[in-house]
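Only one structure is covered here, and it is reproduced in the block below.
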């Protein structure tokens, strides 16, 4: 079995929270209605609505790529444009899934430091896609990543400002919340405040990276936009016959604040790791540590030494950093990710390794 | 929780085999490589190759619709045609998933009694799609369901005959094996004999209906046809980040013949149910019971009485039956499905119910 | 240059009416607004509205396949179903264009003698696609060919009956009018009567087969359904930069009843050809001659003699004929098509040839 | 009719060369084989091969968008990436046609001054799309515009350098030659030198902007890459039934060097216009005038005066210009286009207007 005390490559490689695993086991016994009509799935979707304090339409799927691509395909038609950060997961890391599900819709990347789209950049980009100009893909949706790909977090004011611009231009606003809980805990606000109250129309509500096994919810705060979703999900092959697998996970995830506890643990671990590393000579901050990811810059040769000593993490080539802050020749920007499972011992091991191979 | 001793609606509503559930639990602890690079998934794919006694390329996914649609999209290009039985699952029950994944390729339904395509019908249909005729979608793939939608099974000779015609016409041959194990146990042959030795090029190897939670393998016996599959699966949102969920299921499923035992139990239960029902006056056979499904015909009003008494099963409208055998006015063709979990007590309950409400 | 006095293969091989050619020449001189904003195109679309005596949205394209596929893509979403005769042009002769433009929507062929869908067959087929059943492509559109692929014509009552069933089931109704004028002249009704007054929502209004060079109009009688059409046409590559090519053709086509005169000539020629051939021993009627196509049955060897003598026409394999009327062993069903250019001399030549090689 | 002596908005609004119009008329008389099997189309494709001095596969279509989108769909599969200049026509002006035809493939825009991609920028961009990285769309094709969207021309060395990088990375190279003749005349090289000898694999060979009515050829120098093209064109609705419309245009276009003469006229007119305008105070060069387009910068208010006086041209917002050369506050970058029809009188009229409203 793979276990590595110095593995900070991704929260995708973490295990599963025991409560969630127990819920899967409980749900798996005996007969249940198929295709999401089971009690577990129904309860899970009701629970999502309670958490977000509003009427909504929620659908469970097994992967984040499916959640994002399906959500965007419900918001944009094939001849339309979807606006995202130029280094966002939907644009760079899903092998064209959004274009596939949205029938060839165009993803338009917007540059921005620290993984964030600014209001100015959004306006400038929208100006290049005039509504009614037939030769131009028509603007349909904006998608924001919260946590961003740079591990940073949009403030509520920032979300509101972007959503307002988008809505004025006739766009729907989607949030890629693969690390939703980590952002929520960091901001200390309610799920409603970070979403529909700030102008979010649809959400990929992730659980997999935060202790589930394979579960995300696609949430529509405007239920009319979900009208076609059951068909989209089915023809995407994402309607599980034993849908309780998903319902059981989400039910346990939202039970007694488990999801918030897990995210808080991951965030705390990241902060501890960040503080330890930036205290070392020759290591500097790329982007602030706001959730469960740590982005730093140091000499490339130092990173090679760390890797040789057993540390696992990713180099992170990026254009989302100001030239004066960017890695210089011989330097590398790198990422470490913590999870709900990360222990102090693992962090200490990494820090010790780093000190030993400075 | 839904439990019903007289529920024979679908093998999709059955639970999960304990061995498979334990495997999921074991795999979920602690860190593992993401996206199918974990040990469980690697082992599972090796095990599939051993079972089929050949080199092959195997990919795990969570749903049967994904397995079928992805497999077919690897075999047919967007301007090509895929031939299937006119009442097959890919054609009728996947909301257009194959067309979606294959970029608009055309599914061509072929009629045939008892869910089977005959060599004559295949030849006649292929004659309508001349190779090189530009206005005509070009023939690319044949897909056979084993078990068929009528609960029947192609004999090895039948598979070979169809595959030979298909190959001569330049088509690849896919098998939808959502109930692969049930067919295999019924035929008493080896996995290799029922697939690549009979001319099958790609297989949807189902486990979900036979005791897994959410797991199917897409198997390519011609590895060159799998070249693009990792990209197809990824952009379909079907590459699980914690891929061990799938690897753990398939590993346990294939361990110590579990998969064959589960299928044998389901088939035995179906046979017992079938024998009990056809012994009743007014009930006649629609199609022979060859695997884990029972298709019968009786008075529609009788079925209403059974339902009122608590029995759950599906009416089964079909054109795949000879006019002289088809339901007459006032009659209905109906389906009952057993699973690995079906108990003698459940069968007895259904039979008692049927007798009480004859 | 290809000229053949005994060529009855297709109205696609006919030339261009002089008035239309002159109009193209007139429109081609000097500058004009691009992309259909020119005067010729604007006038043409107004003229279409006048001809149909209603407000409508009309768009010009260069091919019939484009007209059909674009129209259907405006009426059906990717997870929906489009119903058509099983031997219709959209299903058999466009290499999957409707599936392509409609993002993978499913074409469902309905059998029917003489190229026609009957109300009963439509109802039976619709019953297999229940609205709201997620696993089933959702019914979206019915498309009727007028003239049919069998050269027959739907009566106004027949159109009304089918449209009524379709509308009740929530479908839009499209007419493939590649030979619209031939049908109109045969029925002796108005364009409005044969379309929107009978329940047609969208029309492919053909001119190419009837004397134009490359021009069809896509007409929406319900303008709301045309909302996205300019984008669909553009991204399909079907918005001509020098759009006056299309506008000039349609303007001339509709000027002073030219289109009706051309169609009347073609129909009259077909009738003369039909009468001459059926008078011959050994030649019998496959389908009645109602427009500009002749479908007959005779000994296959006789047709070989005709071909050897220089006659050009197509064999016509079909399932749209009752078993008792169908070609027997040694017989072939064949098609001859006349056009506005067909002369009495050409017909006489064919008849003489047929008599000489009986 | 629209005529305006001071209209320099686009070469799309120009008329048609008389020789081409006569050829259409000649081809339109009488019967001919359909769907491009006619003599005119066959001759045209042979003529293209002669002009390019090599064996090739050529296909005629009616629009530039169709040519580009179809060509790219033959070079890239749905999960692959197509690299282009970020302001190229395929990316900005075709409403997503390449994404549509290529089944959702991703267009990746590369920035570059004066409409050109540099070798460095290409390498940097390719580095972001590692071959074999499953989450990343796989690199498949590079498309270059010759003339570029900035009216500039790639030198042969530049084409060769880019093609070499692309080929080493396993990409095919496409050239969008909507203004191919204008570039060729400017470079003074042979068609072969500007294409396959420099590494171009496929070409959109434009005629419409240079005196044809609606005609482009898609040319594959590697015939194996054209294998599926007839099907792609057909299901795109781009196979004209009276294909001679296209064959007649291309035949006349390539006859006796007409195409080169037309382009030379347009280029000469642009140079005269450019020289006249840059001689005026307050007008400066945006990009050099290398073909038939003029890109200048001046005070925005001056342009308003010109427009008020009757001049027609386009503002040209762009990022493809160095900050120090870019329009300052109160300035606008604008474009004027000449065509084969542009007369000295029209140029004099524009210059007089500009002087009168300086």
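Residue numbering begins at 1 within each chain, and the chains themselves are lettered A, B, C and D in the order written.
We adopt the following convention: a residue touches a chain if its C-beta (ideal position, glycine included) is under 8 Å from a C-beta of that chain, and two chains touch if they have at least 3 such contacts.
Keep in mind it's a predicted model, so treat the numbers as computed, not measured.
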Subunit B and subunit A - chains in contact with each: C, D
Distance-maximising chain from subunit C - centres being C-alpha averages: A
Separation of mean Cα positions, subunit C and subunit A [Å, integer]: 51
Averaged-CA centre spacing for the pair subunit D and subunit C, given as whole angstrom: 35
Where subunit B and subunit C are represented by their mean Cα positions, the distance between them in whole Å: 41
For subunit A, residues that touch 2 or more chains besides their own: 35, 78-79, 94-96, 100, 103-104, 134-135, 231, 234-235, 239
Subunit B to subunit A touching residues, read off their complex: 1-4, 7, 10, 12-16, 21, 24-25, 28-35, 38-39, 61-67, 69-70, 94-97, 100-101, 208-209, 213-214, 231, 234-242, 245, 341
Residues on subunit B engaged by subunit C in the complex (per definition of touch): 78-79, 81, 92-96, 99-100, 102-107, 127-128, 134-137, 317
Complex contact set, residues of subunit C against subunit A: 35, 77-79, 103-104, 134-135, 138, 228, 230-232, 234-235, 239
